[in-house]
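In the two assemblies presented below, subunit A is common to both, partnered first by subunit B and then by subunit C.
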Partner chain A sequence: MLRALVIDPGKCTGCKQCEMACSFVKEGEFNVSKSRIRVFDFHTEARFVPYTCTQCAEAWCQQACPVNAITTNADGVKVVHENLCVGCKVCTIACPFGTVNYNASTGKVIKCDLCLGSPACAEACPTGAITFKDTEQAGFDKMKVWATQAAHATSTQGPNTPAAKG
Partner chain B sequence: MNYVVLGAGPAGVTAAETLRSLDKASSITIINGEDEPQPYSRMAIPYYIYGKIDEHGTYLRQTPGHYEKLGITYKVGRCGGIDPAAHKVYLTGGEALSYDKLLIATGASPIIPRMPGSNLTGVHTCWTLNDAREILKHADKGSPVVLVGAGFIGSIILEALYLRGCKITIVEYAPRMVARMMDETAGGMLGRWCKAKGVDVRVSTKVEGIHEGSDAPGAKLTVELSDGTTVPAALVVLAVGVRSNTGFLVGTGIATNVGITVDQHLQTTAPDIYAAGDCCEGVDLSTGKPDMLAIQPVAVEHGRLAALNMAGHSTPHRGSLNMNVLDTMGLISSSFGLWQGTPLGKTARLIDEDGFKYLKLEFEGDKLVGAQCVGMTDHVGMLRGLIQSGFHLGNWRDRLLAAPERLREAYIDVMQSRPGFGPSAPHTNTPIAKSA
Partner chain C sequence: MGWNRKILRINLTDATIKTEPLNMDWAQKYLGQRGLATKYLVEEIDPTVDPLSPANKMIFATGPLTGTAASTGGRYSVITKGALTNAIACSNSGGYFGAELKFAGWDMIIFEGKAAKPVYLTVIDDKVELHDASQIWGRSVWDTDEWIKKRHQDPMMHISAIGVAGENQVLYSCIVNDLHRAAGRSGVGAVMGSKNLKAVAVRGTKGVKVKDGMRFLRAARDAKKVLQENAVTGAGLPTYGTQVLMNVINEAGAMPTRNHREVQFEGAHDISAEAMATPRKSDGQKNLQTNQACFGCTIACGRISKIDEKHFSIQNKPQYWHASGGLEYEAAWALGSNTGVNDLEALTMVNFVCNEQGLDPISFGATVSAAMELYDLGLLTQEMTGGIDLKFGSAEALVKCAELTGKAEGFGKELGLGSLRLCKKYGRPELSMSVKGQEFPAYDSRGIQGMGLTYATSNRGACHLRSYTVSSEILGIPEKTDPLATDGKAALVKAFQDATAAVDSSGLCVFTTFAWTLNDIAPQVDAACEGEWSPERMLEMGERIWNMERVFNNKAGFTAKDDQLPPRLTTEPAQTGPAKGLVNGLDKMLPEYYALRGWTSEGVPTNETLSRLAL
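After this line comes the complex of A and B, so read on.
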């Protein structure tokens, strides 16, 4: 069963432990600028929104990669293969969510891969703002939501309309 | 059904794969005009030149036996002509292939500027893998290299040659670098950055000609410039632009302009013939007009859409967003959509000349329609998200005009203030945060 990060910004206190945990697990250092998850801080409203890759079905990053360095694993997670990434950054401009970022110190791109099964951010979150749940239990249907979005904001007819499943 | 795909770049390969995903039984043949063991990516060439990857690393698909496994026949051959009435493609060797549906994805070729010496040994374009192999023969550490053209491609090759340790002069006819990707401020920053790295940048300068012989150490060629100076070179790389490959269509009746004319379904004016990628003029999302946008993401979009239409799943094209990202020896810049702005639009600017940072946002009404940035990479894709989705920014338009650096906040707020919709919606099937 597919599992996904479920983010409830209403529970986020802005402690940024998710960012610390992510950068430590992924980069071996406490450097939140390299965290795959970011907490956006709305100063004037004392509101915080954790934000990371949705592992979207569209996978704009994957489609844009010129060297096949981003693939989808059995859990639907979009994974960057460091050995193949040339650092061209096309995925960073192609992802309309802005969740693929360039890491200048490695010359490769980084994105959330859900820690391949046990996301450190969810484990570190003290308030339950970030949880890792079965997608069905969470009522999480990415394709359906995307279609709703497309109907309201853009057209369902478009370059990135999900292809019919073969 | 018998599908033939002419061209094995990202458009052709994506189309062939999409056709296979929709149609398990049909025959699919993909023909590469270059004699290479596998389809490769031009985007990867700069990284091959400076040794970050080997030739295998340039391949579009990395799994061994990828095409065989999908039952896609890969073939090398150049197209000499098409007979739309007979549904036949002729290769230059004389072989004829029949098709039921044909995709033309023949890409583009570099323009060779008309000037004396452009055919000399040591003067190369940098477009194919074979060009790259030739360039490597001349681009040793310390070799003097002259790059003709400081557009996107010239600038990306610049980085590769810089990292090889070449001594570079870059000559550009326009008054700034990347003139078709960014404005004066950004182009000026790139120019200053390159000069600081030891690159000799000559803008508003034309190459008059190249001749053999040079007194300078390591050089075999002399490049004459319009300012009266000469520059020695071991290698001259021509990067003045590309042009759609449509020559073989002369006499077929298939309409072409700058590229092949296609309708909203990426069909050409001939029945059962479609076109995708650099060879055609698809719709530009920002203008609604046909344009040749020679970039990787557009090639992939075209390839996928053309295949859907070829397989009978009618899918009109809304248009592709023009966008580019460039790394110039560590200074990363990007531009999106109508980065030049619009006559009645408003512009937000954030400029830090000393810090080499620049962010410019172009609005029409309360929508973002274009953007440029230099020295900023974090969450840069949000710019595409806002432009492509065309979301109304509401109050955020004025906040961004006052403080463009609040872009990420604006994105999150705008995306999350529409319950259930917005690209971040899949992410938050959770209580939606209330907008102020």
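After this line comes the complex of A and C, so read on.
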């Protein structure tokens, strides 16, 4: 079973506990600027959005790397091998999502590797905005919300009424 | 560890920037933030200094847990001599600014002197520079935030700034960071304005290290669980914010109404948390858009609100059409119940203006309330207010006052003095609901007796954040006491004051103490910082800090007569609710409090007390 981070921005409060957990695991210190996951604050729209690598099946970062420093492990995770990385940054250009970034203090690139099986960000998230789930069922919770509304609409308004929204 | 051990000293008069090692002997005695910065301040300034003169200093200070994964570990405080009070001031703020300052590698910034022309400071890791602020002087906090980020091409900066209120030295102006979090009370914004300092912008890419990482993570995780499982911090605050209190306090008969003439507000429900979360009649939308956490906070009590675009207060004013920081309980009370206004949209708009211009909504609302009483008594007339019909309950008048005060235009100039100076000017100083010149927050001390002693003895003037005995007297945390009784309140107030001073020195938020005691906090400090930090040591340190602040105030000229409440609270009984017929029994509590503190009957710490606390 492949597992992935499932992010629900609607539950995010912008507390950055995910960034703290990530930087502590990866860097041994609390340092949000080195976090592999970042939370973006859309102040005027009252939205906070955590964002990180989605572990593409066909990963452009991996394809672009000239020294094969990015490999796919058994869990489908794209892992950067620091001993091979030459810091050329081509992968940071290739990634369409911007989730591979250069770390000037080491001269290597950094990206999310799902903590090789138990992501610290998901564990640290206090609201369930970041969860770690079976990739093939990632959408089921969202489906259930809509299904619940459909069930409610049909049970209160009769079987032929379209599901109410919002 | 925990501490970065480095401070910045900025002399604005001669535009010099120096770095110094943090005084680690003092850090072991005062920890950080409130305690440690107050130690620096009392060592470096004359307590009788004019707070708005260049001789006053102003310190931005973090705690050792600021910028760590401890829940709520993102606080910073501004420590100075207060413009509103002439007393020690320490105003605490959340948002992301404090943590960013730690990530840039600094524990605190000490500002000295006064710049010849308006300036702002950038701190980008070790690169620290003063810049000409002439293009942002006269502009709002929000414009300043946007301008600086564009100018330095860095949207990830976190900025703390004054608005026009601070520039104009409105005596209760605040310092706002991250657009709507504020070091709010005692006029710290006016001090910053008097120094010609518009803003501080920080960006940090370094890390904060702790003494024992794994032990720290375990302690932080255990403590987060306590917050999550507590009814207030795990459910009430995230869902309703501090506004969860509006109906509770109103029912307790402790909701100051119309400048404390009454203790219950008939419009409380209209301006409550429940009202914010209910779709409006006007457009079917909710005032409350979402909750927001400050840095590292797993409670997330912050409110993000959106005003109905058709509301009279924001027509043709697009800067208020988007979502921004909404009403906390204190603001909703001061702007609403205390002025008799029950228009939720108008209160939200005025709250936005307070953030945009840098006004403390508590003191602003309370000053408008006092002015409304003067108007009601005929001591102020419509001619004197420049045409404002300043009736209790008028949303239009409130909005107009908000728009004039920060800018110091027309009658707004008088409102900017604060309620004490305003009421003195019109011959009725007793109508100012304040202690040491600072206006009361949202609890009437006839219905919650301990808060009377809290206000009277607070070192920074009337304040709820120095000893929040509401926790015990109303919410039963850590144990229930009778809000209408004075017995035992002296000891309760002292215990809350000492514990709170310790929390305020750590980098954590005092709201955690709805669930946490020092038994939850000390293990986190102990795992992060050198030295051994037991709950007992933290509490003793809190007592040391409280006495250090008191000694400063005494040297600044404060005496026992400044530990008094306005006569309304001690002579005019509450007319309704559970406290009907009661006044505040300060005269019973204060002598006992002095004795418990080890102070003379004149409120002066004895030599024995000072030496016991190593002061």
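Convention: the second predicted complex is superposed on the first by the 138 of 166 C-alpha atoms of A that agree within 3 Å, B and C clash if a C-alpha of one lies under 4 Å from a C-alpha of the other, contacts with A are read in each partner's own complex, and residues count from 1 in each chain.
Following the convention adopted for this analysis, a contact is a pair of C-beta atoms (placed from the backbone, for glycine too) under 8 Å apart; a residue touches a chain by one contact, two chains touch by 3 or more.
Just so it is clear, the model here is predicted, and its values are computed rather than measured.
Participant: Of the two partners subunit B and subunit C, which one touches more residues belonging to subunit A?
Facilitator: Between subunit B and subunit C, B touches the greater number of residues in subunit A.
Participant: Once the shared chain is lined up, is A:F24 touching subunit B (first), subunit C (second), both, or neither of them?
Facilitator: second
Participant: Name the contact category of A:T44: first (subunit B only), second (subunit C only), both, or neither.
Facilitator: Once the two structures are laid over each other on A, A:T44 reaches both partners.
Participant: Contacts for A:P126 in the overlay, against subunit B (first) and subunit C (second): which applies, first, second, both or neither?
Facilitator: It touches subunit C, and subunit B stays clear.
Participant: So in the superposed three-chain picture, is A:T99 touching just subunit B, just subunit C, both, or none of them (first/second/both/neither)?
Facilitator: first
Participant: So, A:K34: does it touch subunit B (first), subunit C (second), both, or neither?
Facilitator: Second partner only.
Participant: Mind working out whether A:G14 is in touch with subunit B, subunit C, both or neither, as first, second, both or neither?
Facilitator: A:G14 contacts subunit C only, not subunit B.
Participant: Mind sorting out which residues of subunit A both subunit B and subunit C touch, each in its own complex?
Facilitator: In subunit A, residues 33, 44-45, 47 are touched by subunit B and also by subunit C.
Participant: Looking at the complex, which residues from subunit A come into contact with subunit C?
Facilitator: Residues in contact with subunit C: 13-17, 20-21, 23-24, 27-34, 43-48, 124, 126-127.
Participant: Using the touch definition from the top, list the residues of subunit B that touch subunit A in their complex.
Facilitator: The contact residues of subunit B facing subunit A are 10, 14, 18, 20-24, 41-44, 47, 52-53, 57-63, 296-297, 300-302, 304-305, 308, 313, 315-320, 323-325, 327, 330, 332, 334, 336, 377-385, 388-391, 408-409, 411-413, 416, 418, 420-431, 433, 436.
Participant: Which bits of subunit C are touching subunit A when the two form their complex?
Facilitator: On the subunit C side, the touching residues are 67-69, 71, 96, 99, 103, 179, 204-210, 213, 217, 224, 228, 238, 289-298, 300, 304, 306, 322-324.
Participant: Along subunit A, where are the residues that touch subunit B in the complex?
Facilitator: Result: residues 5-10, 33, 38, 40-42, 44-45, 47, 49, 51-52, 54, 56, 63-64, 66-69, 84, 86-90, 92-102, 104, 107, 138-140, 142, 145-146, 148-149, 152-155, 157-161, 163-166 of subunit A touch subunit B.
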